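Letters A, B, C and D mark the chains as written, and numbering starts fresh at 1 in each.
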Amino acid sequence: MGNPVSEEMKHKVPGINFRESNPLTGPFYVEGAEPGDTLAIEIKEIKLNRPTAYSRIGPNFGCLTEEVPGRRFLLNEPLKQRFFYWDLNPEKGTGSLDLPGSKLGRVEIELHPFIGSIGVAPRFGRVEMSLTPGEYGGNMDCVETCQGSTLYLPVHAPGGYLVFGDIHAAQGDGELCGVALETTAEVTLKVDVIKGKAIEWPRIEDDNWVMTVGNSRPLMEAFRIAHLEMVNMLEDDYGFERMEGFQVFSQVGRCRVGNVVDPNYTVVAKFPKKYLP
Amino acid sequence: MGNPVSEEMKHKVPGINFRESNPLTGPFYVEGAEPGDTLAIEIKEIKLNRPTAYSRIGPNFGCLTEEVPGRRFLLNEPLKQRFFYWDLNPEKGTGSLDLPGSKLGRVEIELHPFIGSIGVAPRFGRVEMSLTPGEYGGNMDCVETCQGSTLYLPVHAPGGYLVFGDIHAAQGDGELCGVALETTAEVTLKVDVIKGKAIEWPRIEDDNWVMTVGNSRPLMEAFRIAHLEMVNMLEDDYGFERMEGFQVFSQVGRCRVGNVVDPNYTVVAKFPKKYLP
Amino acid sequence: MGNPVSEEMKHKVPGINFRESNPLTGPFYVEGAEPGDTLAIEIKEIKLNRPTAYSRIGPNFGCLTEEVPGRRFLLNEPLKQRFFYWDLNPEKGTGSLDLPGSKLGRVEIELHPFIGSIGVAPRFGRVEMSLTPGEYGGNMDCVETCQGSTLYLPVHAPGGYLVFGDIHAAQGDGELCGVALETTAEVTLKVDVIKGKAIEWPRIEDDNWVMTVGNSRPLMEAFRIAHLEMVNMLEDDYGFERMEGFQVFSQVGRCRVGNVVDPNYTVVAKFPKKYLP
Amino acid sequence: MGNPVSEEMKHKVPGINFRESNPLTGPFYVEGAEPGDTLAIEIKEIKLNRPTAYSRIGPNFGCLTEEVPGRRFLLNEPLKQRFFYWDLNPEKGTGSLDLPGSKLGRVEIELHPFIGSIGVAPRFGRVEMSLTPGEYGGNMDCVETCQGSTLYLPVHAPGGYLVFGDIHAAQGDGELCGVALETTAEVTLKVDVIKGKAIEWPRIEDDNWVMTVGNSRPLMEAFRIAHLEMVNMLEDDYGFERMEGFQVFSQVGRCRVGNVVDPNYTVVAKFPKKYLP
């Protein structure tokens, strides 16, 4: 998630601001991609190109308060808005923030840049994928879509219509306050079409893990979708008898919570490659 | 919800079937409706005009199994699909169904026709409102949008863009199996524009109740949205001090669960008119 | 729910106050009740015997804020505590409350007294049933356990160990602020043992409805439990073929939200007696 | 979670079997522990002492089906029960399982033994902590309570009443099928009392992380509790101004899902020690 508009702006220009808040690049028409295929998107490089990043604590935004301006459900007073401007040092791979009220004074953290929003045309209808993740990928805010990973997305329309953006220089699990270290980067992707291979939900692979992604609400449903997809993948792609795959996965699986602030939450189920045939 | 396609159809024609499953009438451009206004839609008449209705138990659909074909999250085997064709007697106001496997043999129930999907352009982006309810109304599958009620919807775009359809001759709370008594009707609406009155979520009014509607997931969030909206309305429109309104509402409120099967669930909070000033 | 202690008291006497907050009568050993039987508890009379009732808005209590003192999960400031003292007129069947800050000045509502907590020994372990509802009944805060209803509870231990209390003179669906019109009454129950009839969850019956109750969290799970139990009951007790019962229930069922503030929430599924064989 | 009884057993001996299913050692009275103190339990060693471990796929148990025998909520047929007997090699630190139906034939995994259930007397009432985790710890099934970690638990009763058991030789995040590699071990703990330091929820510390634990349902509430507790701890114990701590935590936090199969789920929020003052 990037920069939701202030309450003031929202009331002045209804119906348009959220669409402006997370600008994406694309869509790109991928030659040869047809419904029923899968896109394999190798993230070759994410090169941060700006010395700053932005974050924010919003009055009604994030998982420890009401979640979005348009979905209020508490009697409590909203939080006070506060902006945070981080200094980035892409060469050193660090970000720093002044903490005037804290004992520490200033903190320096390691960066781990990734793509916050990356997706294709959805299966049904139209979506604002810069905000909402789904079976098409989209605003997953998932730290695993980083340099060195390959993301697999289902093709629902001829050409796939790949879009991406919303670069995060760093983000904790869940994107608690709803706004990561929002910045920009030069991104290099290599896109292949896997013909005749259909998948239901996004998948990711890196050197150590195969991963399946669930994007839904509530959090438990995203968890279930991701983990059932892994059982399906172990059976279909890796030769596990279904219940034996489920048993081994139950003992060696890892899980990562992408975001719990977007209109759908993101859970990533992970299986170690070393236990695959 | 109407008639989601079979798994077979879905895999043959990806990306299109759900859009065909709940055809709606419109959109109608309402003269004079501007963002920040409210539409007041009086449901003057719903005249059933067909001697049959259709329902279905789907393999992965409804709140007592997995909820939609595209969101599987169980290891269990899907249910067996089964179709049900009800006979309608609109004059008598009844519907009948053969129950060959049951002691009863046949059941006759009272009809209570209502509009399953009715909505306007959403605040952000584009939605498939024939399937998904939201702050714009849409597929609420809410039994309270029946003859004699007035539905209030927020105007997000000039003209509002009113659409409706998905007539249900009857439906239990929650639309358990995901498919009500789906049929057709001649519908008479009277649409007014309330200038300069903005609302956040749909509202409904009938002879006895004022109502606020929350459409979200999980169910508890829809519940909270609807009930917080009522507290807001009691304060803004009916002269209650906020916490006093909340206290009285806590003791006299009623609640209706519209649907728990659509991509968003629907909860209706109700306050008795007799306790309003 | 009755009168949770203040934060101050809690910190002074840890581990004991919640147990004092909802005093119950009993347990009563029911002669002849054995595990595998069912208690049928006819609520013959609830005679309010006090001219006042108490309610409260608590700083972290109720479904529109954090839910209990011991389960904080928001960054927002807590609500301000406020007490409400209602005047009861049991003969007239009304309750009245001053509303100094509201246009109305004072409100008079109809009472509908019911038993907030009524239960038996649980299946496993020990519970604080004055606070937590479960398969044993307990603090369901469910308006349907009122005069004229019969409540069915599963017997898990010889004698059943029936307890009850927590009289509410009135309460809205969900018990929004967590505290109903808390008062006292003389209660007359008639208890029978149904030998050899085991049930999984509480059931209720009145003149018009048969009902099944689910007590769990989240709200959707309580909803599912209650509604699956009704499908089970229609098949086992009323001669419906399972899927035909599910279909008819989907079209005629009603649902009532008991509480959404206790450690488990309560949902009541209702089927009209007029459609039973 | 260990070994829930079969449906058959349950129906024969109601009310007792779950209590036998996860035997624990204790309770131990800790000299000097008073309400308002905190126990610091250093896990010095977990020495597996058995060449086998047991797991199971249960008919209604685990997060990809219905969750427990007593809480059915699906119309689908239950899963088929299947037992898995793992060979353990504690010296080598591995476990092996035959996979007769899979391409792999047999799998060998790395073990990471931990204590599944460890807790103290609860704040209110009595609990079956061998099954249910809470603010007192209990059946958290959390992989972080392993050798080298220190667990902090709130003291609610004089002496604390420490209990533990339910050794898992390995377990994936979430304990998907509800049963880890259940086995036995010799466990060495060092228990200290931190006088006058009260905590609300369990905390854990190892070489790299400080951690806070939330045990609740639904999963999102456990997530919120754990993460709000971390914000509280950063403010109270580490000198962060509250919103600055929240901001930094939002960018560097990690999260671990303990279990999603017990009556309460477990989420662990983690903050890197290297960013503490």
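Please note the rule applied: a residue touches a chain if its C-beta (ideal position, glycine included) is under 8 Å from a C-beta of that chain, and two chains touch if they have at least 3 such contacts.
Being a predicted model, the structure only gives us computed values, none of them experimental.
S.K.: Check every other chain and keep only those touching both chain A and chain D; list them.
M.R.: B, C
S.K.: Could you name all chains that are in contact with chain C and with chain D at the same time?
M.R.: A, B
S.K.: So which one's got more C-beta contacts, B-D or A-B?
M.R.: Higher C-beta contact count between the two pairs: A-B.
S.K.: With centres defined as the mean of C-alpha atoms, identify the chain lying farthest from chain C.
M.R.: A
S.K.: Can you check how far apart chain B and chain C are, centre to centre, with Cα atoms defining each centre and the answer in Å?
M.R.: So the centre of chain B lies 28 Å away from the centre of chain C.
S.K.: Express in whole angstrom the distance between the two chain centres, defined as the mean CA positions of chain B and chain D.
M.R.: That gives a centre separation of 42 Å.
S.K.: Could you state the distance in Å from the CA-based centre of chain A to that of chain B?
M.R.: So the centre of chain A lies 32 Å away from the centre of chain B.
S.K.: In chain A, what residues contact two or more other chains?
M.R.: 64, 73-75, 218, 224, 228, 231, 246
S.K.: Where on chain C does chain B make contact in their complex?
M.R.: Touch residues, chain C against chain B: 55, 57, 62-64, 80, 82, 84, 95, 97, 99-104, 107, 109, 170-177, 179-181, 218-220, 223-224, 227-228, 231, 238-241, 243-255, 257, 260, 275, 277.
S.K.: Please output the residues of chain A touching chain C within their complex, sorted ascending.
M.R.: Counting only chain A, the residues touching chain C are 64-65, 73-79, 218.
S.K.: Which of the residues in chain B come into contact with chain A in the complex?
M.R.: 14-19, 35-36, 70-75, 121-128, 131, 135, 156-157, 200, 214, 216-218, 221, 224-225, 228, 231, 246
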